[in-house]
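Got a structure for you, questions after.
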Amino acid sequence: GDAMVDHHRALRQGFPEVIFGESKSVGQIERIMAALAARGNNILVTRIDEAKALAVREAFPQARHHAEARCLTLEQKPVEPRGRGTVLVVSAGTSDLPVASEALVTLRMLGNAAEHLYDVGVAGIHRLLARREALFAARVVIVVAGMEGALPSVVGGLVNCPVIAVPTSVGYGASFGGIAALLGMLNSCAAGVTVVNIDNGFGAAVAASMINRE
Amino acid sequence: GDAMVDHHRALRQGFPEVIFGESKSVGQIERIMAALAARGNNILVTRIDEAKALAVREAFPQARHHAEARCLTLEQKPVEPRGRGTVLVVSAGTSDLPVASEALVTLRMLGNAAEHLYDVGVAGIHRLLARREALFAARVVIVVAGMEGALPSVVGGLVNCPVIAVPTSVGYGASFGGIAALLGMLNSCAAGVTVVNIDNGFGAAVAASMINRE
Amino acid sequence: GDAMVDHHRALRQGFPEVIFGESKSVGQIERIMAALAARGNNILVTRIDEAKALAVREAFPQARHHAEARCLTLEQKPVEPRGRGTVLVVSAGTSDLPVASEALVTLRMLGNAAEHLYDVGVAGIHRLLARREALFAARVVIVVAGMEGALPSVVGGLVNCPVIAVPTSVGYGASFGGIAALLGMLNSCAAGVTVVNIDNGFGAAVAASMINRE
Amino acid sequence: GDAMVDHHRALRQGFPEVIFGESKSVGQIERIMAALAARGNNILVTRIDEAKALAVREAFPQARHHAEARCLTLEQKPVEPRGRGTVLVVSAGTSDLPVASEALVTLRMLGNAAEHLYDVGVAGIHRLLARREALFAARVVIVVAGMEGALPSVVGGLVNCPVIAVPTSVGYGASFGGIAALLGMLNSCAAGVTVVNIDNGFGAAVAASMINRE
Amino acid sequence: GDAMVDHHRALRQGFPEVIFGESKSVGQIERIMAALAARGNNILVTRIDEAKALAVREAFPQARHHAEARCLTLEQKPVEPRGRGTVLVVSAGTSDLPVASEALVTLRMLGNAAEHLYDVGVAGIHRLLARREALFAARVVIVVAGMEGALPSVVGGLVNCPVIAVPTSVGYGASFGGIAALLGMLNSCAAGVTVVNIDNGFGAAVAASMINRE
Amino acid sequence: GDAMVDHHRALRQGFPEVIFGESKSVGQIERIMAALAARGNNILVTRIDEAKALAVREAFPQARHHAEARCLTLEQKPVEPRGRGTVLVVSAGTSDLPVASEALVTLRMLGNAAEHLYDVGVAGIHRLLARREALFAARVVIVVAGMEGALPSVVGGLVNCPVIAVPTSVGYGASFGGIAALLGMLNSCAAGVTVVNIDNGFGAAVAASMINRE
Amino acid sequence: GDAMVDHHRALRQGFPEVIFGESKSVGQIERIMAALAARGNNILVTRIDEAKALAVREAFPQARHHAEARCLTLEQKPVEPRGRGTVLVVSAGTSDLPVASEALVTLRMLGNAAEHLYDVGVAGIHRLLARREALFAARVVIVVAGMEGALPSVVGGLVNCPVIAVPTSVGYGASFGGIAALLGMLNSCAAGVTVVNIDNGFGAAVAASMINRE
Amino acid sequence: GDAMVDHHRALRQGFPEVIFGESKSVGQIERIMAALAARGNNILVTRIDEAKALAVREAFPQARHHAEARCLTLEQKPVEPRGRGTVLVVSAGTSDLPVASEALVTLRMLGNAAEHLYDVGVAGIHRLLARREALFAARVVIVVAGMEGALPSVVGGLVNCPVIAVPTSVGYGASFGGIAALLGMLNSCAAGVTVVNIDNGFGAAVAASMINRE
């Protein structure tokens, strides 16, 4: 039982417990959730597919399934608001939505005010520019993008706050499962842009949350 | 003598002869130029460094050295204007200038009206947007960019004409000598963008010239 | 609904609306098609597999399924002819046919006269040379090839017009899902060759269409 | 003149102007510095080698050369302190010092209180643990490391604040010029770690500075 | 029959016979086991999945299935203890357990005293330090880790004995199926660390066993 | 002395001795040559630059320097003709000449009748077709090509005999020091094509010589 | 119908017709076979899986299925012996057998005397040395090997005839689907070794057959 | 001073102090040596070139320069013999000698009996087999090899003791600076082989020394 809890991914005091669901069975997830729930904490399960989520919810009917984000959350006590401002998640195409949603669910479980600006891509720059106020109002921006990964550079050039770039594995051919986007982001010519692993919406949200805390 | 002619850079009737100077000695370049000049053609030497260019100009004083473009041109007869419109070369940083200049010199030797929009990068999008008319007036746009290679996507989203993207080897670390920019451009989500080899300003100009011809 | 329309891939006025079907469900495709059809436009769905196409056709019986091209088209008004000449699509092996067909369907939906030259490969050069007239008659040539990606160089050496090369993911072993072909095309020693992403017949057709327009 | 300004390293109002010295001649650097100095701003030149720095200091004797950081700074007015806390730069081996120093010089020019913890590597974990207080006192930590790039994970597991990881090109063989370290950092299993380009001490400092501002 | 025996993986006199089960059918595995069993030897089958293991056990009911290790063992005679000390297997996350288990089963079949230290990762360094005695007591340490592969460096810095590092294919995005971990381990800055192929728990155990023998 | 002999380039009885000059000093080359010459054998030194060759020729004035091939030969007895037919070396650009010449010198030292067809590239296919008889007359063809490496496929489609392809490191950008050409050749769709290492004209000649022997 | 015949892979007069079965349906294979059979030729279908082969044999009951080789052959007339000697196929592990078998079936359909030496690997060098006579008796040797791809070097050092190396995609982890073996073979330090694409037993056999012909 | 000590190459009590000379100036090396010498320890400097070594020897005339190994040693007290047996270093070509020598010098400074078997490569397997006794007598074998990296597999198949493989950056073309050899070694099919970084003779010697200790 205890061996299953991913201590290496434990966050800090006052945060929810997090379970990385990807390679775990329904039974394993349930056993870990039970152990963690007994301590009274809130719980966030990431990378859990539809089928597993439905099965786990039979044991924990009060858990909430965020289908697009592939997450499950169990709130045993209200999430305490923390953070000095808003974290804005910006995404381009429809296929980037799961990663953006993972970031949003994580941000909210960590007590942040979080907004989503979607359907804004570099090849239609006016849609992004039309949302300038939302950009300027943010304390941290998370930019989720696949394909050529150019969006964080444009956003970083507009805003004055930290930008966390999340490459996604969206694309085909020479996108190489997100490598093209990752390299684009690492080479960003805008100041203040840092990068996390491909598809790691969770990690971006944790970093943004630390930046945003009071 | 004949064995030295760069057939792989040979263009069509009425175009100048082209010599790829990179791995050739001053003596070799001079011998080829003499042979080609005897036929009365115009000549374009690309990838020729400062030292070689000065040496060659001693034999061909009427040749013109384009230092930034690393080119040498010999015009024995006036370049015949051809092309339905203007070819616009767009570049971002100062280190992209040699490649942009190679494209410009080539475009002009091929009879095109060519303009240059420089110092416009994705991280300062307003500088690009301020030049919208120049963009809209072009028949073809060549976009030269290193680092994250995002500029062609933004330009392609603004204009309605063909965009040829040239990745440059500018950058360090994970730019991998132009690979990051190349991948970014191949994954461009803007319609109408095609790509040439890293640093290949010459090739972009030849393709643009073919597109632009009447 | 609206969030699903891929604005970042929208073409220009007078062109059909395009839906990238790959990661969309039947329900999503139908909702987007309904929204777009209401505006009276023609519609092109790319990357839609057999099963999805059949399902969508139940809702839109007047839509046409192009099985080999993996496309679905809905023509609500006649496609307006545009373009100064013919766009020729050249392909080598039978496995390159889906990508070549995607290019052909797209070209025709964009109002171009388009022809197909198939079964011509570099290892049987006489079959290509026997079709010289078709090559010389084209305004733009799209060359689709996998394996070593050598065909665009040979074609580019024969014709005098722009050549757009499309690497395909055909092959095994060291073809690396199209990388070998992509690199071959980027290094083409023929003037006037530009390249698009692996398997991107759609993108090649849009670029060719822009080149071909009056 | 103006064309030479490195817009891609341009920061905001109230920050110093930044010149990326790497591919610029002494003459170019001097001309840009003169133009910027005329506006009364502070100036930071990065990636400038010993020889160039000495030459430039003849024209600007009041400039200060930071040899290890490969930077030159010109303070025309006192740097305004900004930032809520201390930014701690942690580095492992002696070969990581130039990148760590670039970060430190940049941090100070941007008004941050900055400290340096050096000579702490994962293979001698006690030296790091002995400095726990310094780590816990920081508002942001920048970790500079080459070779296997493991230090940010260990640091990230200890601290509760954002960690910015900078891979360095130090190493040989399978370090591949910093790729091994970069991949290690992107895969960090510690929460709150984000990554910048190989050797990009400047970029890390700018991001840290944005996080640290009041 | 004989052609099926994996001579290239044959160990020495007195050791068990080993069958690499991955690409073999149940029938093939049974035939080889029968041939080997006839010689009276102990047998170890690695890389055998659940379904195959169950099927094979019908023919060899006395065989033991190690589900997590994906191994099957047949002990026809007691395993002779050999080795001067203990081999310690250290692993980090739950997903590294199958590889660690493969190493443990192999070590024991080869006559070694073997222990397992699990759930210790670099991002929670105190859990590792709390187990210092186990580390110091070992004659050889095998460290199994995915993601950034940093654990062997930390362990190697603590212990004075040989460390064999096994990268695992655990992770996503830029972990590239274990390449990030592999590179991290090859670049380990701790003395005495050597590396085996990704997921090769078996190979690490054989090498450790040779080191440990009297 | 003996330790210096390049066993890895050692050929058989009756063949010349071969010295790989690349990383050897003039003194080392002279000492090895003296030892080998004493046995009365012919000697071939490959990968020897201009300066070293001149220096070595002072000690061995009867040695012949093949400048373009970067080889030195010492014929102490006449080369015995062997081989059933002609080996044809085909090369494309001027930069492939050193590798083609290394193959030619090696072929002749090994007793083969060898011819050279140069200045024939895929982008000017007529020049190749004009030399059809030479191609058809060969017993083995060695094709040397850089850039996209397409020439072996075209040649292999024309001839009926074995084709050995030698990729060269000629090119820039995405040619990646010969990788593009190497991949192109490995993926050749012409039957009967085999490949050697980048720039390995020597190895191709040895293999061709074995094929050609009576 | 005709468009389906892979002309680009047609061999010469007197050889069988070859169909590459991989991406073809049963219907396609049958239609091509019928067309080719009508011309009276022998037919070789490669890369055809169990299920397809069984289906095709219902239409062509006289066809022979070579299950391990994944081939189907139809002999309408006796295969004419050609070739001056024996072609020896050498393979190491059991997983290399399918590729070795593809080579053997192809060799025999092309009229060669072909032998197989299996179960000989570099880690058990005595098994190879025990078969020295078979090696010395061959006119050409094809070496099929995965993992580290070392076998061709050892064989090439023993024999005096051409060696064609076929890397296989066998292995896991850092074997990268055959890349490790491919690189090992390209870097072979034995003279006379040439290489074909990963898993390309067919191509090796065609090249060997050309070498072996009278 | 202290900051310069290469803690990452620090060994244990009773071992010499080690300085990694590569990126250090003569002055830095001298200052560190002086500090370490004051403690009475033996000192090993690795990766120090000819010029630096000569300069350092002026300050420390009693230091010994091992030119081929690129090492400098200072023995202030006799090296204490430790180790249960002999460590055998095996190398193939002349270009592998520097790495083999680095291993030998390190082994001896660490108190091991060390022997060298050179000029044995896989393409001349008899030379290796002729030295079988030396191989069988060893307690640990270090195999140094570039190019295809096949030697460790052959040696590992012969001996019964641990084999540490060191890939070298020797080679050209597709050897990719040692990657081909590294991959070959990681995929070794011989049991008991582990691998260190490219050119890391030092690291192999430290690991071998730990294995060999009593």
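Every chain is named by a letter (A, B, C, D, E, F, G and H) in the order it is written, and numbering of its residues begins at 1.
Note that in this section a contact is a pair of C-beta atoms (placed from the backbone, for glycine too) under 8 Å apart; a residue touches a chain by one contact, two chains touch by 3 or more.
All figures in this text were calculated on a predicted structure; none of them were measured in a lab.
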Repeat of interface A-C, chosen from G-H, B-D or A-D - more than half of residue-number contact pairs shared
B-D
Just how far, in Å, is the C-alpha centre of subunit G from the one of subunit D?
57
Subunit F to subunit G: how many Å between their CA centres?
27
Once you find the CA centre of subunit C and the CA centre of subunit E, what distance in Å lies between them?
50
Return the residues of subunit F touching two or more other chains; collapse runs of consecutive numbers into ranges.
8, 10, 92-93, 121, 123-124, 147, 157, 173-175, 179, 182, 186-187, 189, 191, 197-198
Which pairs of chains touch, using the document's own definition:
A-B, A-C, A-D, A-E, B-C, B-D, B-F, C-F, C-G, D-E, D-H, E-G, E-H, F-G, F-H, G-H
Going by the contact rule at the top, pick out the subunit E residues touching subunit H in the complex.
8-9, 11-12, 160-162, 164, 182, 186-187, 189-198, 203-204, 206-207, 210-211
Report the residues of subunit D in contact with subunit E in the complex, numbered from low to high.
92-93, 121-125, 129, 147-150, 153-154, 156-158, 171, 173-176, 179-181, 183-191
Once bound in the complex, which stretches of subunit G touch subunit E?
92-95, 118-119, 121, 123-124, 127, 170, 172-175
Of all residues in subunit F, those that touch subunit H in their complex:
2-4, 6-8, 10, 22-24, 167, 169, 178-179, 182, 197-200
